[in-house]
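Paired with chain B in one complex and with chain C in the other, chain A is shared by the two complexes that follow.
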Partner chain A sequence: MTPDSNEERKKIEEQEYQQLVEQVRPRPNILLNCIWAFIIGGLICTLGQLILDYFRAQGMSMEDAGAMTAVSMIFLGALLTGLGWYDELGKKAGAGSIIPITGFANAIVASAMEYKREGYIFGVGARIFSIAGPTLLFGFVAAVIIGLVKYLTMLW
Partner chain B sequence: MLSGKKRGLQSIEFLQAPIISSSASVAGPLESKSSWAEDFDWIMEDYLLGESSWERTETKVLQQVIQIALDKQQLSFEDIEVFLAGDLLDQIISSNYTARELKTPFLGLYGACSTMAEAILIGAMLVEGGFFTRLVAAAGSHHYTAERQFRFPTEQGVQPAPYSQWTATAAGALVLEAQGNGPRVSSITIGRIVDMNQKDANNLGAAMAPAAADTIHRHFLDLNRDSDYYDLVVTGDLGLVGQDLLEELFVQQGVVPKPNISDCGVLLYDGIPEVNAGGSGCGCSACMLCGPLLKKMYRGDLQRLLFVATGALMSPTSTNQGESIPGIAHAVAIEI
Partner chain C sequence: MSLLWAFIVGGLLCVIGQLFIDLTKYTVTPGHILVGYITIGAFLSALGLYQPLVDFAGAGATIPLSGFGHNLAQGTLEAVQTKGVLGIFSGGVEAAAAGITAAIVFGYLAAILFNPK
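Then we have the complex of A and B:
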């Protein structure tokens, strides 16, 4: 048998095995997961809205109240992570607890807690953004692009 | 010169089979909820045990399980001629730090979840070859050391896939001797890497199942046995998905060890709903073998056991670089 046909046979075997894996592997219950994400994610957003309304009622401008709401939600996400509750929430809610700003706080605080044992410089300092880093980087990239677009449309 | 002990391509049949004179197992808080709880020698009350890091706890547990195995035979560290051990962490630190306390000659091993079988088969060859008369083989893992090394920080809120396995917080150790009372390691089959191009780090059972099928098939061919020879063939930690895949592969290959085949990762988490698809981690198969399974053998409920620990040799670096996950399985036959 030539090496080529051996390789081809291996490839076919791998493809057949992959099909078998797809068959046997349990599927995530997407509908149920979506419902949980909607409920918990929705509750987090409702809480954010209540906090925003509270600051507005205190006489803050929309801009200030928005910033204060973000700060409050980040604090809550960090607090729940520190208490060891946010990861339990995440098991059920999935994207529902990752997407809101509380999830971003969770990613940063969880990393800080985990790597604190390696010290403040090489542990916390070097690895605090190990999960949140991609969000930050591509958030900055998006901001630069949008800034450029805005600048160009102003020149028009 | 032929040794006269090698059988077929990958197997060895011992003439003076080494004895497992003692064994011990430790299980974590979650694992203690399993129906095997009575068969574990020690159950951890929490995940830290007063230590300052998960890694230190893993080392402490490994030391403890060896101590218990030795205590059962009134042995001390000085009585051990060689210590063979491995774990899942980079540079196998838990085993290294355990060996630092033992102060005996040490061989560190890495075979991912197959480590316990690797330690037993190397240990059995060292004893039967007449090089040493008494040694310890051990392996352990900790859920949170593995989580943070291979996946996410432990407090990160992520949703596990329904087919992902739970790294066991558990450890097992056994004493191998040239003479004594207990079950014998009668033959072994050294596995080869089988890689079916699986790349999903959440589905390690799928990466390991072909290796398990290969090694079991080889074992039966090399030693001219069929599955009826064993009371139980138990794979390492394939989990529920891997176990189903193994059955399918057996059907394809025409091997039928069906009646008495099971899996340590499935057995250990039997009746624990928090775990989706069974356990993994080298402590899982080590703890199941050195606890419930060997106790069954000491009691005489099991006569012939084929222990096939499977390892997914996964590295986050190579997985991120697009490499597939190599699988391996080693077989150890234990008989009364």
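Then we have the complex of A and C:
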């Protein structure tokens, strides 16, 4: 057999293998995942709305009430992650527990907690930014781009 | 009524993220989702497309991380109008200051007080 056809055969085998992998890989139950994401994500936002309404009723401005709501939700997300409950919720809720701001707090605490044994400064202190870092970075970069474009359009 | 719309819109924003996780071939981690939501939220907000959603759904639009991006964008736009160049750099963080500080401080406290399961 020539080495050429040998290589071809190898390629075909690889393709067949890939097809087999595609076939046996467990498919996520997309509909069920979406229903859970909708319910849990929706409920977290409903809780946020209740907290927002509470601070509004205390006479706070919309901006201040919104900021206090974010602080409260972040506190809850951090606490529930520490207790280990948020990750249990996340197994079912998927994106429904990631996308609300409680999920941001969850990602921060979960990555920081894992690295406790490396110390409180360079373990927890550094790893706390392994998710918060990229998120804030891209948020800030987007904000500066937006600000720059706005500034330029004002000059014209 | 505001609770119902917060539930529906907040839930739908999460479903979009879930579809992104399930339907794309890439390994999408929570980090990718968070970065994507804050960035897209900021640009949608700058184009004036996010505020109507906030007016309509309240916390349903502000609690998902796209609302955090919306905060950054609106803070920047306002500050640029009043402070010029300085606002480009100060406006976003000023508007999101409470959330950022809370996330880092509460995150640090929780990581110290609790141990992973």
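Rule of thumb we're sticking to: the second predicted complex is superposed on the first by the 144 of 156 C-alpha atoms of A that agree within 3 Å, B and C clash if a C-alpha of one lies under 4 Å from a C-alpha of the other, contacts with A are read in each partner's own complex, and residues count from 1 in each chain.
The rule we apply is simple: contacts are C-beta pairs under 8 Å (C-beta built on N, C-alpha and C of every residue); 3 or more make two chains touch, one makes a residue touch a chain.
A quick note: this is a predicted structure, and the numbers were derived from the prediction, not measured.
Student: Just checking: does A:Gly48 make contact with chain B only, chain C only, both, or neither of them? Give me first, second, both or neither.
Tutor: second
Student: Kindly classify A:Leu89 by the partners it touches after superposition: chain B alone (first), chain C alone (second), both, or neither?
Tutor: Only chain B is touched by A:Leu89; chain C is not.
Student: Taking the superposition as given, does A:Ile98 touch the first partner, chain B, the second, chain C, both, or neither?
Tutor: In the superposed model, A:Ile98 contacts both chain B and chain C.
Student: After superposition on the shared chain, which partner residues are touched by A:Gln18: those of chain B (first), chain C (second), both, or neither?
Tutor: So A:Gln18 only meets chain B here.
Student: Would you mind checking which one, chain B or chain C, touches more residues on chain A?
Tutor: C
Student: For A:Thr135 in the superposed arrangement: first (chain B), second (chain C), both or neither?
Tutor: second
Student: In the overlaid three-chain picture, which partner chain does A:Thr81 touch, first (chain B) or second (chain C), both, or neither?
Tutor: both
Student: What residues on chain A does chain C touch that chain B touches too?
Tutor: Residues 28, 33, 81-82, 84, 87, 93-94, 98, 103, 106-107, 109-110, 113-114, 130-131 of chain A touch both chain B and chain C.
Student: Sort out for me which residues of chain C touch chain A in the complex.
Tutor: Those residues of chain C that touch chain A are 2-3, 6-23, 30-31, 33-35, 37-39, 42-43, 46, 57-60, 62-69, 71-73, 75-77, 79-81, 84-85, 87-89, 91-93, 96, 98-100, 102-104, 106-117.
Student: If we count contacts the way the header does, which residues on chain A are in touch with chain C in the complex?
Tutor: 28, 30, 33-34, 37-46, 48-53, 66-71, 73-75, 78-79, 81-84, 87, 93-96, 98-110, 112-114, 116, 120, 124-125, 128, 130-132, 134-136, 138-140, 142-144, 146-151, 154
Student: Can you name the residues of chain B that touch chain A in the complex?
Tutor: 52-53, 148, 152-163, 196-198, 203, 206, 210, 241, 244-245, 248, 277
Student: Help me check something: in the complex, which residues belonging to chain A touch chain B?
Tutor: 13-14, 17-18, 20-21, 24-29, 33, 81-82, 84, 86-94, 97-98, 103, 106-107, 109-111, 113-115, 117, 130-131
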